[in-house]
Structures are given as structure tokens and as C-alpha cells.
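Several structures are given next for inspection.
Each of the next two complexes has subunit A plus one other chain: subunit B in the first, subunit C in the second.
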Partner chain A sequence: MEAHPDLTRGVVQGLGWLYLVMFAMNFVWTVRSFRRDGEFESLLGFKHLPKAFVWAIYTGTLMIFAAVHLTLRTSDASAFVLKLPEWFKLSVDWLIADPVKYFAASIVLFVLMLVLRRWWTKPTPAWILLNLSLLFLGFSMTDYDFRQIVGKPDNVPIVGMLFLTGFFTWLYFRQAVENDDRAAAGRPVKEKELSQQVLVWPDLVYTELVCMVLLTALLVVWGVALQAPLEEPGSSVKTPNPSKAPWYFLGLQEMLVYYDPWMAGVVLPLIIIAGLMAIPYIDFNQKGNGYYCYNDRKFAVVTFLFGFLPLWVAMIILGTFIRGPNWNMFGVYEYWDVHKLEVLNNVNLSDWFWLDIMDRSLPKPDATASLLAQTGTILTREWLGIVLTLAYLIVLPPLMAVTVFRNYYVRMGFVRYIVLANLLLFMAALPLKMVLRWVFHLKYIVAIPEWFFNI
Partner chain B sequence: MSVGEYIRESQIWKSVFRHPAPYDRRNRAVVMLTNFFLHLHPVSVQQGGIGLSYTWCMGGVTFFLFLVETLTGVLLMFYYRPTLEWAFTDIRALRDVTTLGIMREIHRWGAHAMVITVWLHMYRVFLTGSYKPPREFNWVIGVLLLVLTLLLSFTGYLLPWDQLAIWAITVGSNMARAHPVLGHEGPGFQLLNIGGYDIITNASDARFLLLGARNVGEETLNRFYILHCVAIPLVVSLLIAIHFWRVRKDGGISQPL
Partner chain C sequence: MARKQKAGGAESTSPEPAPPADAPAEPAAEAATAAQPPVAPVAPADKPKSTSDILAAARAQKAGGAAPAAPKSTTDILAAARAQKAGAGPAAPAAKPGSTADILAAARAQKAAGGGAAQPGTSSASSPAAAKKAAPPPEIAGLPAGSKPSVEAMLKAVRTGDAAATEPPKPKLPVKASAAPKPPAKGESRRSFLDTVLSPFVIGFTALAAWGAIGSLAAARFMMPNTVLELPSRFKIGSASDYPLGMVSEKYKASRGIWVVHTDTYDGRNIIYALSTVCTHLGCTPNWLDAEQKFKCPCHGSGFYVNGINFEGPAPRPLERVGLRVSEDGQLEVDKSLKFQEELGQWTDEKSFVQVS
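The block that comes next holds the complex of A and B.
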């Protein structure tokens, strides 16, 4: 038997159970569809075919899948034919194992999510998306490398988080779209209709009790099914490659690719925390308090979703599943080769200015000169980057105040506006530096290694 | 008289529960007011405020997970010794031989789940605009609780003392080395000096404060153990109390005005 089999008996059995669950789910869905979805006028020459017919075929296929997987008797699982095709693996890896394409794809998805919110919050499209993601997960499990990274015990919660985040984002948009429609028609929001008082005992305490029982059961089942990870005893001389922070900090670790530790590890996290705390004080919009909506507070919602989905969740996925040895990017179906080479020849802004534009060497501080003279030389060397950075933080806020944020500035007042503008600029600093890196191979805008001050 | 009635009519029962069983409307209100655990809640709420599609139940789930972590954590503390000699072996024994070693699994998965649910709770509170007046300050406390949840998880990550643990903490705590002014590789650390001698070195900077040593070692294990089991849980408990108290004082679960 080969050392890294794509399929083993255990995997095939596990997939069988997955397809059985999907079969049960879709069986219920087919019944629902038969009752509600109506029929096709005409399909393939048949008149008045119920729409549930399509679901029935799909559900039947799932049942066959489950049966085939669960009744596998042959000892050699690698002879099993239901595998992910090679071209699919290659195209997925092509898309995600590259920072530019990965980030671009996450932005495209984000925009689609906003623009198509009326479509994908309907039950049928949402159900199709759920099925597609489950099929993707199931079929991907037939790949050895995918299982290695996604099946790691500590990574399992992240898969759970993805489905939960997707579900709750769906739930938000569904209720927001409904309330937006109600507002447009001049009707009160849905939450307002349920405004009569009910007693906490039994209405709330029983919900809480059921939640507690279910959660306890879930944790026990999870604990029995999946062993907590325990690797070799800790050794300060054997550095693992890659060395990763706990999964919830991998978004921050990803920023280290673009910023030095003092920015990515200290300043930006502190700004994230301070910025979150500042939200109630800079959001002057009084609408949207206590109910779901989108239209009433577009700017706030889009900004928050942008921070949470592409800049936090997507970065965690990138850091967990895609960053491999030497912090290189690997496709989810790709072998983690420690010898994979990626050429990095990034240049500083000051290199570009002095070497390429001025055609001379960089000013070099004279170690024997006075401290003041050395500082002067360093500042001269980096003047362009310093000016640009200061302009970004000092010139842009007033400029935005008289242009795009004119309305906001008038309604927020000076202090609130400055806080908002700076938080937005810091939030934009990450994607901005990414783009600069990809397009111009820019390493540092301001590079003063003498002071550990690189931006 | 049935057995149940006999018990409920006894002096002992009546001394424990200060109210009759919540069978009728009046006593369902009284039970909320006279029971220590239940008086966290109001007597009545708006129906829309407790629907699952509105609240997602994520704040309550997070709190429940905190209780689960406390319970399983206390049980684990009876077994685990935070020293270089024993830390790893104790955890391995929990996995291989100890009765109820599953407490460690529940503790770890509960911790991951708690990080996720606290995010989702914040997500829901943002999307319903519930941080808006009069609830601004409770949102700030919530952000602090979010940060402390992450720190709880981070400090606990070291305790198994395996490769996963010490390197995750090494990578994470290396950031403190780059803290502006206070880290010995951070911008401006040279500003703090006496007569040309740096005050901030690798034996006195922010990272040293966090680790208790120049590298992740026995001092770090002790420090993280105390932070994880005592210091942070105390602060979190206090903030949770304030958080819940403010939910009540600020008008209960948010609803359309």
C-alpha cells in the first residue's frame, strides 16, 4: 500500500455516513419542495413536472452514494473510483495558493454577497449553496493532503466556524432584506410585531435549559469522537516549520507578511481593539437599533462585514489551511514541500527613489558623526516614505471631510470624524500594503532598520 | 397527599426554595424574583427579544461555555502539575490512562467553541445595532471580554507543554519583543536609557514581563498557569457580572424603539 493513500477504508466509511446524513436532509427538503415549489411548465418535453422531481433525483443519487460507500467490501480502498478529479484540484489550488488571487476572490465573493443578497437569502439558493459546500468538503476528503490539513484536530473547529459564520450571515441578510422591504412599504419591522410581553418562566428559561442540554451533549460527543491534539514534548531547539500561533491569531500572523512585528503584532491589534470599542461613539446613526436591517445603516454594516469577513475570517483560513512550510502558500490539495521556493525580491521605497530615480547610492549615516547628523541622514534617506505616510494620516482625513465624507463630517463633528477617518485609514492600511507589495514589490514605505522602525 | 406534595410541603424544601412551585402565573413571576439564579432575568420580556432567530443565543452559549470551562478546568487542576517535569506527562496520562480524561477534550473543544461563539455574539450585537445608546458602555465591556476570552485561550494553549503549545506561544509572544518603546526590538526602545545604558533589554522588556524569562520556559509555564486559572478568570467573572447587570439596567434585550 502506498504511504499517502488518497482513500482508505475509514475515509470511505466516513463519507458514507456523510452522504447518508445528506440523503436524510435532502429527503426532507424534497418533501418540502413538493408541497411548496410548484411545477415546471415544461421540462425535457414533460408537462407539469413538479420541481421536487429534480430534488428527488439528487436525493436518490445521494442514497446510492451512501450505499456504495457504506457497503465497500474490497480491502483495497484505493481502487474506489469516486474521487475528486485532478483538474478540479489543480484549478482550486491555482486560485487559492496565490495571495493576489486569494484576496481578489475573497473580495469578489464579498461584493457578490452584498449585491445578490436578495437572491441568496431565499431558501432554495441557500440550500443549494449548503449542499455544494458539503459536497465540496466530502469530495475533498478523498484527497490525502486535504485531510492532513483540514482533519487536524485543532482545525476542525475552524470548519465549524465557517459553516456557522455562513449560516448566521445568511440569517442576518434574510431578516435584513425582509425588514428593508417592510420599511419601503411603510410597515413596521418584523421585531416590532412581537412586542407583547411574555413571562420569562417558562418562555425563556426553558429555551436556556434546552440549549444547555444540547450543548453539553455536543461537547461530550465531540470530546469522544475527536481526541485533543498532543504532539511531541515541547523542545526549544526543534523549531517546527511552519510555526503557527493559535488559530484565532492567524489573521494577525498573516499581517506579518506585510508589516513588521511592531505594526502587525502590536499597533494594528491595539487599533482593532480600540476601534471596536469606539464603534458606539462614532456611529451617530440612530436608525437600526434593535432590529435587523441593511438599507438604514449600509455604511456601518458594510465596513464591519468587510473587517470581519475578508480581513479576519478569510485571513484565518489563509493562515490555517494555506500557509505551509517557510510560510509559503500551498493549495489545499498540495503536498507541503519544505523545499518549495518562492522568489522574494522586494524593494524599499527609498531604494527605488535613490537608486532608480536619482541614480545614486543611498545616503549612509556616518557612524562616527554626531547623533543629530546621523538622524538627519536617515531622515533624508527616507524622506519620501515619511512624507507619504504623514500625508496618508494627516492630509487625507481633512481631504475626505470635504469630499466623500462631507455629510458625515457635518453631522459627526470634528473629534468623532477624526477618530472614524483614522480608524478607516488604519483598516485600509492592510489591503493597501498588500496591493503595493503585489504590484510594485514594495517591502517598506519607510525603512529605518537602525531604529527598528519599518512601515 | 402524594410524595411530591409531601416533599414540597416539608420545612426543609420551603427553607431552600422561597416560593411555591411556578405552576400559576403569579408564582411564575415570583420565582424569577426570589430565586438567586433566576433573578438575573426580568419577570417578563418582549416576545421578539427572545426569539432564536433574533438573539442567536450566542451570548448565553458563551456564558454557558465559560461555566463548562470553569468546571472542567477545576477538575483538570486536581490532576495537572504545571512544571517542566510533569506538565506534558500529566496531559498524556489524561489522554491514555486517567479516568474521566475526557475532561481535557471537553475543556479544549469548549475553549475553541467559546472563541467562536463570542465572535458570533458580537456579530449579532453589531448587526442588530444593539450597541447604540443607551448600550454603548456595555459594548465596550463586551470588547474587553472578547479580548480576555482570547487571552484565556492563549494562556491555556501553553499548558500541555507539547511542540504545538510552546511554539504557538513563542510565535505569539515574539510580538511583545517588537512593542514600541517597551520591546527590545521595537522602535524607540533606545529612548529609555540612563546615561547611554538601555533600560529596555531582552531581560526587562514587554516580552520578558509576559514570559518571566528570555524564552518560553518553566517561569512562563508558571506565569501562564496562574493567568489562565486564577487571574484572568477573576477579571472575566467581574466583567461578566457587570455585563449582565448592564443588560438589565440598560433596558434588557434590545428591541426596536
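The block that comes next holds the complex of A and C.
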């Protein structure tokens, strides 16, 4: 298949506009850099070269990019050279089309984000990251499959939202790092020292008015430019392939891959909501009230961000861009082949125990026996999973109380600690089950389809 | 008024309250003993500059009423009358504040009066007759409205005049006569019935009730959509020979929600059965992938063998069979009202499949 089946002039010109916007952004940045960043002592033999020089070269390159894209003739589209190399596409696909690698990568990114927070919240690194992500997007757009999935009208706003998530995470870390530095130096926090009060009238009201106008304009443009993704009338016997939940439920849909509908669709979402509501009551840390900080609230921040970024946002990305037909995983540069074969044979814990370890057939409830006898057979069949699950929820909290959470237990008291421990365990249940599925091909720990009860 | 008193008390250095603001009214209050005609009414003779002027005039009028004293001239009477009327007379323009500036001026004047003795300069200053007894000395009274007199000035004022502790009389505020004619009483005219019926209250609530009723009807209609809710659950699908061994027929998937399968991969028996096209995980409709010989659900990736047994993805149990039998005319007949679940051992039921040869 041709690598760029329809790299039309429209697409190329759209990219030209993107590069033009990037040029404008970086022009401003170069000016800022010239004023603030100082100079290199010595670079390539030149003495006292301003650091803005590098930005100027980059900005000029973007200008050339934009000019080339915007002035391209129609007939040249197929001969277009500014596209991604194959090796890059293959390595990206290799990384993200596999659930284990994808999840591992998201965890690594998460840890890097925490460890390198002092570096990436500085303006220049943040600007470099933003430019890299925009360049990645721009270059990837030359790939047909990437364009199909990212350029879908449903998915365009999600791309925008990812940038927004990145920005707000950056904003939080920037403020937190600054306040941590202030606390280390014994100075009052930023919110206290520079309490920048704003008058409601006219300042705040005008700001809100401007935001309102801009957002309305954005919505109008969005509504006109991106067609509503309407499909044929719904039918109970026809399911689109792939069938995707709304973007905000893609985390749940991913959870449903690993859990029974009752667990992933009812129990776990309720626990998520109840747990979020419980946070103010189980939080005993008096610090961090009314100001950004990281060091003062490490546990709370890391726990929340872990639940939000790798376990929710990353799942939304996975569900939006990577899950394809038959809910298989596809790289973003990969063709959506309906017949892609992924071996996903799974076994229940009881299968594994009775068939492989005990080397006998599964105890099967006799349909003619009494209800009590059937129940006994079923429980005998699933005893290992039931014991493990109960141990997870009952034995682990006290164990954690005397080991890793000793301090917390003493300060929180029994009830609050138990609530916290159980919420943590439920949160950890998702990645644990994922790992078990990938490593041991484990389907359910407790599998009682007779009662619609599977864990 | 209370504020005025409070302010006056606070400013005063003597235990007695400072001379009340409306100094020209004072002589009037003591007119009975002093037998001196009140001078205040003269004041409004100049065109009053502000509300406080009028108020002072009104006060004076009242005081005069309490202890009648002979007015000096017709103009005095007229002025007093005007002040009393205060709604229509030449003094009116000030009473009816024409603009915010007027109101502000009045407020300022009142406040200043509370501060001590700052009577609007024009009236006090223009009535030298009031000087000796109680009126504040000109250096106070002459102060422009809004500026407060110094403590010395006030002290002096207290010493010279025997500042009466009398409360400043309440101003008789000009009452605005309601000009609107009274509406006709009920039953006075035939229109009253229409007035009642067409009152905004009645119209509004009638409209609301009508809107609610229409909405309720629409909601009730919405609950009964114009659809065939359930297809007949028993239907014929042709003879067994239409389904060769190893075939998964999708012919009735879209219309009836079943696959017809002829296979020998379950228990090694050569049978035909009908599988429901509902995924046992979350109810999506799986697709039959002929190349892979499996049913694959697009929602969460559950996979089922051709015999309906779940083997991949999250589906916890096999697909369900529906009833199948050979009818009297030799055709296969599906009965969707029957369900057979493998995990409950129901697939051994004779109604769940048709044995071929």
C-alpha cells in the first residue's frame, strides 16, 4: 500500500498553517529569549553568542516549512518529502500497540514527571516540550492512518484536551515547585506574599466577559468546522466495530476489558465516586490549605495523580487512538485491519488450579442436586480465588498498618485508616488485574457465572 | 436623625449636645419666653438651594405652630406655606430632587449638619436677626456646607448660646399626594369580570397549566413509541439441509438476532443449534470472523469459539443458545423464548439443538 494515499493539497496546506502559527509563537519566544536568556560563553567557536540565536534558527526553519507547505502545487503532494521516517513509525507502534509496553511507558512517564518536576516546569524546557509535541503532531499528520484516527471529528477536541491537561499539570507543578522552594528558604508561600487581589468590578467581570466571548467564538468555529459524527440509526443487532464509549467513559471501557460488567460498570465507578467524596474526611494533613505545594502533600498528590494520569487519562488516550476493530490495539501509524490476530486466550484461576495443579476436572454443580449442594460445589471450585480476594481486602490493610502506613495509622485512627486502605486497594486492583491478565492470562480470580459474580 | 445626634455628640466637647443643626429653628422653639418672632421662615424666601433648606423651613414651621408667633410679613407666611406644601410651590424644585447631584447635595448637607452646626450657609448667614440668642456665631454658621467647624468654634457656640438640649424637631417631610385615581371597586362595571379573568396572574397560571398538560401528554406519548416491540419469538428458518456442516449462518443475525450453527465441535456430536447474538459480557453484538473461526465482540474484545464457548477477553460465560426444533413440516423452527446456558448445564437439553443424522 502506498504510504501516503491521500496526502492532498488541503492536508499539506493545513500543515502549512500549523507551521505558520508555530512560527509566530516562536518568533515571540525568540524575542523573549533575546531579552532574558543571556548568551553562550562560547559556541562553535563564536564567543558571546546570544542563546536566542538557536531559537532564531529554529524559527526561521519553521518559516521555511510554512512557506513550502503553503505554496505547494497540487501535483507535488505525492512527491512531498517532509514526512516521518518508517523506523520512527515502527518504533512508536511497537511501543504503544502492546498493552504491557503502553502501560509501562505511561508509568515511566509518570515517574519522570514527578522526579524531573524541577526541570520541566522551567519555561524553556516546557516550551521545548510543547514544540516537540506540536512537531510530532504535524509530522505524524503526513501519515494516512494517523490522520484517519486523529483527524476524526470526535477526536480533534480530545487532542486539544490533552494539551490542556498537559498545561494544567505543568501549571500545578510550576506553582508547587516555587512554593516548595519558598518553604525551604523560609519565606512565605507565593499566595500569601503576592496576594494579588483583583477587583470584581471591573477587572474580573471584564476578564470573564472576554473569556465568554472567546469561548463562544471557539464553539461556533468548532460547530461549523467539525461535522457532528452522526451514524446510521441505532440497532440492537448491529454494533459498530470498534464500538467506543464517549471519551470520558473510555477509562471505564478499558476497565471492562479486565473486569466483569458488574465490577467495572457498577462497583468500581461507585467506589471511585465515593472515594473522591471521602477525600476531605480521610485527609488529616493540615498543610497545603490554600496554596500549591508538592513536598507538603506528597502522598495525596502522587496518589491522586497516579489515579488520574496513568489510570484515567492514559486509558482515554488508549481507548481513543489505539483501540481498533475487535477492540484490538493498533499503533497510531498502523492500518486498522479487522482480521488482525491477537492471541488473548484467558483462563480463570479455578481452571488453572483444578486442571493444571490438581490435574483433575473442574467440580461441576449437579443441576439436579439441592441448592445447598450446588452452592457447596461452586464454592469448592472457586475456593482459592475467594480466599485470595478476602485476604487482599482483609489481611492487607492491617499488614500495611504495621509496615508502610504505620505513621498514617497512628495519626488517622482505625476507621479512617481502614477506609483509606480499602480505597487504595481498590485503586490498585485495576493495574494488578491488568498485570495478572498480561502475565498469567488470568481472566477471573473468582468466576461464578452461575451467579453473575466474577472478580 | 439618630446618626445626626450621635455625630453631634461625638464632636461636642461639652456634656451637653452641641447646638442642633437647625439653628434657625431654635429661636422658634423658645419663642414663647423670648417673645421674639421666629426668623427662620424668612430664610426660604431666597430660593432654597437644597433639601436641607426646605427641611429647616419645615421645622421652623412646625415650631411656629407649637408656639404661634406673629409672622413678620406676608412673604413670611407665603414662604412658610410654601415650605409646608413643598410639593408644588416655588420651593418645590429642591424638594423634588431633579438629579443625583441634588440628592448628593442634600445628603452632604445633612451629614454636615450632623457634624455640628453646619447649617446651609445661605439661610443662617442671611438672617442676622437670629444671631444673639442661640444661633451659632457666623464663623460657624457661615461655613460652607460640608466643612466641619473646629472644636473651639463649637465650644464658643456652646458658651454663647445657651444651647438647649432640645431635640431637633422632626422635619415634616413633604408628602406627595397620590395623584392616581382609585380604581373602580369590584362590581362597579361590567368590565370587572373581564379584568379578573384577564389578570396576568390568571393568564400566567392558565398558560403554565396548559403547557404542563401538553408536556405530560407528550411524555406519555413518548413512553409508547411507535414500534413493534417484540418480533414473534417462534419462526421457521428453512430445512436442515440449508445449513451444511461447519457453517455459521448470519442470515438471521440482523433481523432476528441469532446465528444458526452446524458443527461437530461440541461434545463431538453433529448438531445444528441457534446462538443468541448477545455478548455475555455487556450485551454488544459480536461479529463472526470466518477466517479466524470465532465470534469476536467489538466492544471489549471478547472471543467465542464456533461452539459458543468463551475463550478470550472478559466474557465470563459462553454465548446463549435459543430453542431449536424440527417442526411438523420438516423445517427448522427457532424459539427465542427459550434460553439455554452452558454454565448451567442446559446445553444437554434436547430442545437446544437438532441432531443431524
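We adopt the following convention: the second predicted complex is superposed on the first by the 436 of 455 C-alpha atoms of A that agree within 3 Å, B and C clash if a C-alpha of one lies under 4 Å from a C-alpha of the other, contacts with A are read in each partner's own complex, and residues count from 1 in each chain.
FYI, a contact is a pair of C-beta atoms (placed from the backbone, for glycine too) under 8 Å apart; a residue touches a chain by one contact, two chains touch by 3 or more.
Being a predicted model, the structure only gives us computed values, none of them experimental.
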Task: When subunit B and subunit C are modelled together on subunit A, clash or fit - done: fit
- [ ] Scan A:372 for contacts with subunit B and subunit C and give back first, second, both or neither.
- [x] neither
Open item on the list: Tell me the contact category for A:258 with respect to subunit B and subunit C: first, second, both or neither.
Closed with: second
Open item on the list: Touch test for A:447: subunit B only (first), subunit C only (second), both, or neither?
Closed with: second
Task: In the superposition, subunit B vs subunit C on subunit A residues touched - done: B
Open item on the list: According to the stated criteria, A:239 is in contact with first (subunit B), second (subunit C), both, or neither; which is it?
Closed with: both
TODO: Identify the partner contact of A:44: answer first if only subunit B is touched, second if only subunit C is, both if each is, neither if none is.
DONE: neither
TODO: Using the touch definition from the top, say if A:402 reaches subunit B (first), subunit C (second), both or neither.
DONE: neither
Open item on the list: Just to confirm the geometry: in the superposition, how small does the C-alpha gap between subunit B and subunit C get, in angstrom?
Closed with: 5
- [ ] Using the superposition on A, tell me which residues of subunit A are in contact with subunit B and, in the other complex, with subunit C.
- [x] 235-236, 238-240, 243, 253, 260-261, 265, 452
Open item on the list: With touch defined as at the start, can you tell me which subunit B residues reach subunit A in the complex?
Closed with: 22, 25, 28-29, 31-32, 38, 41-48, 50-54, 56-57, 60-61, 64-65, 68, 88, 91-92, 95, 102, 104-106, 108-110, 112-113, 115-116, 119-120, 122-124, 126-133, 135-137, 139-140, 143, 146-147, 150, 153-154, 157, 160-168, 170-172, 174-180, 183, 185-190, 215-217, 254-257
Open item on the list: Under the definition above, what is the set of subunit C residues touching subunit A in their complex?
Closed with: 253-257, 277, 280-282, 284-287, 289, 291-292, 296-301, 303, 311-314, 316-317, 343-346
Task: Complex contacts: residues of subunit A adjacent to subunit C - done: 235-243, 253, 256-261, 265, 325-328, 338-339, 341, 343-346, 364-365, 367, 443-444, 447, 449-450, 452, 454
- [ ] Spell out the part of subunit A that touches subunit B in their complex, as residue ranges.
- [x] 154, 157, 160-161, 164-165, 168, 171-172, 175-176, 188-205, 207-208, 211-212, 215-216, 219-220, 222-224, 226-236, 238-240, 243-249, 252-253, 260-262, 264-267, 273, 276-277, 279-281, 283, 286-293, 297, 300-301, 304, 308, 448, 451-453
